[in-house]
Amino acid sequence: MVAFILRRALLAIPTLIFISFISFVIIQLPPGDYVTAYVAQLRQSGEYISAIQEAQLREQFGLNDPMLVQYWRWISNIVLRGEFGYSLEWNAPVSSLIWDRLGLTLAISSVSLVITWLIAIPVGVYSATRQYSFFDHFFTVFGFLGKGIPDFLLALVLMWMAFAYMNLDVGGLFSPQYQNAPWSLAKVVDLLAHLWIPLVVLATGGAAGLIRVMRANMLDELGKPYVETAYAQGLSESKVVWNYPVRVALNPFISTVGWALPALFSGDIITAVVLNLPTTGPLLLQALKMQDMYLAGSFILILSVFTVIGTLISDILLAWFDPRIRYA
Amino acid sequence: MGSKIMTKSPVPQNPMPAERLLELDDVHVHFPLREGLVKAVNGVSYHVDKGEVLGIVGESGSGKSITARAIMRLLPKRAAPPTGSIRFRPRTGEDFELSGLDRNSRAIRQVRGRHIGMIFQEPMTALSPVHTIGTQIMRTVQLHMGLGKVAARARAIDLLAKVQMPRPAQMVDAYPHQLSGGMRQRAMIALAISCDPSLLIADEPTTALDVTTEAQILELLKSLQSELGMAIIFITHNFGVVADIADRVSVMYLGRIVETASVDDIFYAPKHPYTQALLRSIPRLGVDQGRRLPTIPGMVPDPFSVPEGCAFNPRCGHAVAGLCEVRVPPEKRFGAQMSRCHIADQFVQEPANV
Amino acid sequence: MTDQAIAAPKRKDHKEDLYTAKPWQLIWRRFSKHLLAVISMWFLVILALSAIFAEFVGPYDPFKVQRLRTLAPPTGIHLFHEGQFVGPFVYGLARERDPDTARVTYGPDTETVLPIHFFYSGDSYRFFGLFETDIHLFGVDDRREQINLLGTDDLGRDVFSRLIHGARVTLSAGVIGVAFAFVLGLTLGSISGYFGGWIDGSIQRLMEFIRSIPTIPLWMGLAAALPIAWDPLFVYVLITLILALIGWTSVARVVRGQFFAIRNEDYVMAARLAGASEYRIITRHMLPSMTSYIIAALTLAVPEMILGETALSFLGLGLRPPVVSWGVLLQDAQNLRSISLAPWLLSPGVAVVMTVLAFNFLGDGLRDAADPYGQ
């Protein structure tokens, strides 16, 4: 098992290097560079910068160096000092911007993930064991709708309904009076009153798809002979179902646990934008729109690193959970 | 049609003889499919006495496995509710009317695993891939015998030793995929006999195994049978296997039992043309050298259009026009032997040319 | 004697057909039993035709600004006027200004009865750039009044006409994206499936990696790298390419899986033993059994592309005005105020949902029909 983990971890290293390089290339993609943007900014505020000064600045920041050298400088700053560069748009270090919003992002994403699973697994199992029942048909329709309705549309409609019919102030996470207030019980209540829409949107969108997956997996597994064996032992239906096929049908879920990690970090960007949530998603969107490339590149780098780590985690989990992989 | 069957079965009201373990009377299992009604089991009656081995022989699709599942109340969900009576009296003496039990009822769950054990065809897939064989045995033992974890584990190891699993104390923690096919089937048997059942249903237990392993498993089943004194229903399509293990044999064709007899009578005095044809198509050493092996002409008919009258009549060399394709043959008895053939009497004197 | 005796009774003729039907007939027969899929297919056919002939189906020029009809609600179609049957007609639009809020409100002007004319002469357009014409499918004969089936937007443009024009862009982006993805996926998938070994291994790793990155940020990253100033048409092509770049993995996975499954089938081995050439084996034996699956997989891939385009454009990273696509149209419905004021601005969203569902049902129906072991 230890050898397995070590081997997988070693395999991840070249991928990580490759990804960081790609992220850097994306940062460099748009025409112009840091100095072009910086100079433009200075000019806007009325300062005059000559072409010579501009060239000096370039020299100073090492922008004339070969790509590989620049890449090395960028990545070593990140790895050794945790500095991701500087956001021109926000006039702040990228790292502080990201860490600011990360806590809330992780909280919302992980709660919605847990809700998704809590809905999807039992419903999927029930739909499969009572195939073609009313309940199954109901959730089939639900699943299809969830697949067809884009998250942002669901967010828009829910927001509109909450606003029009329930007279709720929606969007954002706090009412204006609590925005900058210190934490109190009232503020927590206010937060909860705002939080349910993003949670409903994220959980419905996710659960709709997962129910279908779980149901299909379960239907596959329920037809397998070992289920009949378990019944032939005299176990009750619920014991059979939850102890045997569910254990096996969960495997594909576990292999996607790792993918949840980058998703947790990015949050659901579109939903967050629509609902005006102070999470990392809208920050990334803003960075991309403004071509604030250090911020955007850092995002892509972090996302990719999380992806690699997440895949590693789910491989390990899967091996721990499924003996067929562990001993293969 | 259900009512007709109900009124037609006065037999089950008789008390079962003392030596009787299981009695099936006029069992029907039908599958209403989009293409038509499939009568997979179409009026099957047989019985098993305590401690005997009943072999059930038939081609694929003859309904032999479905009948076994009707006993266990483990029919596929698309099957229509089965009719007919199935009575069971295990060694403990209670009477069970299995045909009246619901698929998930408490009573049938007490019978399954506790009084009737079952072995399946595919040892590769019939055990849960994510649990150790020990866990799977322990779960059954804990459920039916009320043992604690430690005692259950000890019993699991005992059982594995009983089925001649090498190094049982280690194998108890093995996962199915770590075992060979034969070993898995041994584990499966250990699971099936874990609560000392009165009856073991073995559904083609050796079909997926190679010949050497098959012989070992048969040997094991025979020794377990005499040691534990349980009865076995041995389902197979292989006459050779039946000759080896069974006391009595029933032959099934298209959802009906066409002939039942002691193993000797089946082989030396078969009274149904289908049995005779099957026996002729077994290759033998030293016989008929240089000649083609006889086969049964034609194919098993499409399950949606089973021939009228005797289902075997289109393929039968003895078929009598105007009779066999019109009337379903009745059960004709010759002592302990039964044949469902209009002209079974003809075969009484005439030694079958096997 | 046996042969005649065994012949199945001739009582069910359609069953005889069933045994001798060609694969495509069987697929069609199974598909046509799938009611939802058939309805979805017709829906998509009608939608595609409307998109192709958008200028004809849409009653107005999608860019025509009407200052006096901003945010007008959908016009209701009536059959009876004051208890009298007059055929399909609409009422005129009564425009009033609320004295308190100074906000414009609209109501039906029940005095003006405007019968709906079919094949009516309205705004002129060039039919596929071929000739000038002004025939529209329907319209009302009045210089002032309009028929706005889905209301108007904040510049008074007819939402229905814009929706139909947007369908052309969105649907074609989906279909072209899938076509790109298909070529890429088919090439790499079949290379992967056919050669196996380390080639397969590295293509697999690449696919796994692309699949594991959350799609939206990746799309966004690539889309954001496109300069804003570029020609809208060029951006459109690039956006489709970006969608395809992410989407090809699912197609490639299906192709590779099928290739692997079929390569080991006995009939392929039999063909090989019979001395058939590789080319013949692939074209005559392997491809026919794969096409139906691939068609189903492609059908299921289109909605992903449509959702991708919609989401990107909605966020302002994809297509931009003046291009009209469903995502672009939904930008108008981005904030709460405009939705509560003019809920009909969400109609492109409804169109997206219906189209995505229709493609899903159609794909599911095709997949079920293509499965020879299905019921």
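Letters A, B and C name the chains as they come in the text, with residue numbers starting at 1 for each one.
Quick note on the criterion: contacts are C-beta pairs under 8 Å (C-beta built on N, C-alpha and C of every residue); 3 or more make two chains touch, one makes a residue touch a chain.
In UniProt terms the chains read A = ABC transporter permease; C = Peptide ABC transporter permease.
The shown structure was predicted, so the numbers you read here are calculated from the model rather than taken from an experiment.
The chain with its Cα centroid farthest from the Cα centroid of chain A (ABC transporter permease) is B. Of the two interfaces, A-B and A-C, the higher number of touching C-beta pairs belongs to A-C.
Taking each chain's centre as the mean of its C-alpha atoms, chain A (ABC transporter permease) lies 55 Å from chain B.
Chain centres here are Cα averages; for chain A (ABC transporter permease) and chain C they lie 28 Å apart.
Residues of chain A (ABC transporter permease) that touch chain B in their complex: 131, 224-226, 228-237, 243-244, 247-248, 321-324, 327.
For chain B in complex with chain A (ABC transporter permease), the touching residues are 72, 74, 77, 104, 109-114, 117-118, 120-122, 125-132, 136, 139-140, 143-144, 175, 177-178, 188, 191-192. Residue ranges on chain A (ABC transporter permease) touching chain C, taken from their complex, read 15, 26, 29-31, 144-145, 147-150, 152-153, 156-157, 159-160, 163-164, 170-171, 258-259, 262-263, 266, 268-270, 273-274, 284-285, 288-289, 291, 296, 299-300, 303-304, 307, 310-311.
Residues 208-209, 212-214, 216-218, 220-221, 223-225, 227, 303, 307, 310-311, 314-317, 330, 333-334, 336, 339-340, 343, 346, 349, 352-354, 356-357, 360-361 of chain C are the ones touching chain A (ABC transporter permease) in the complex.
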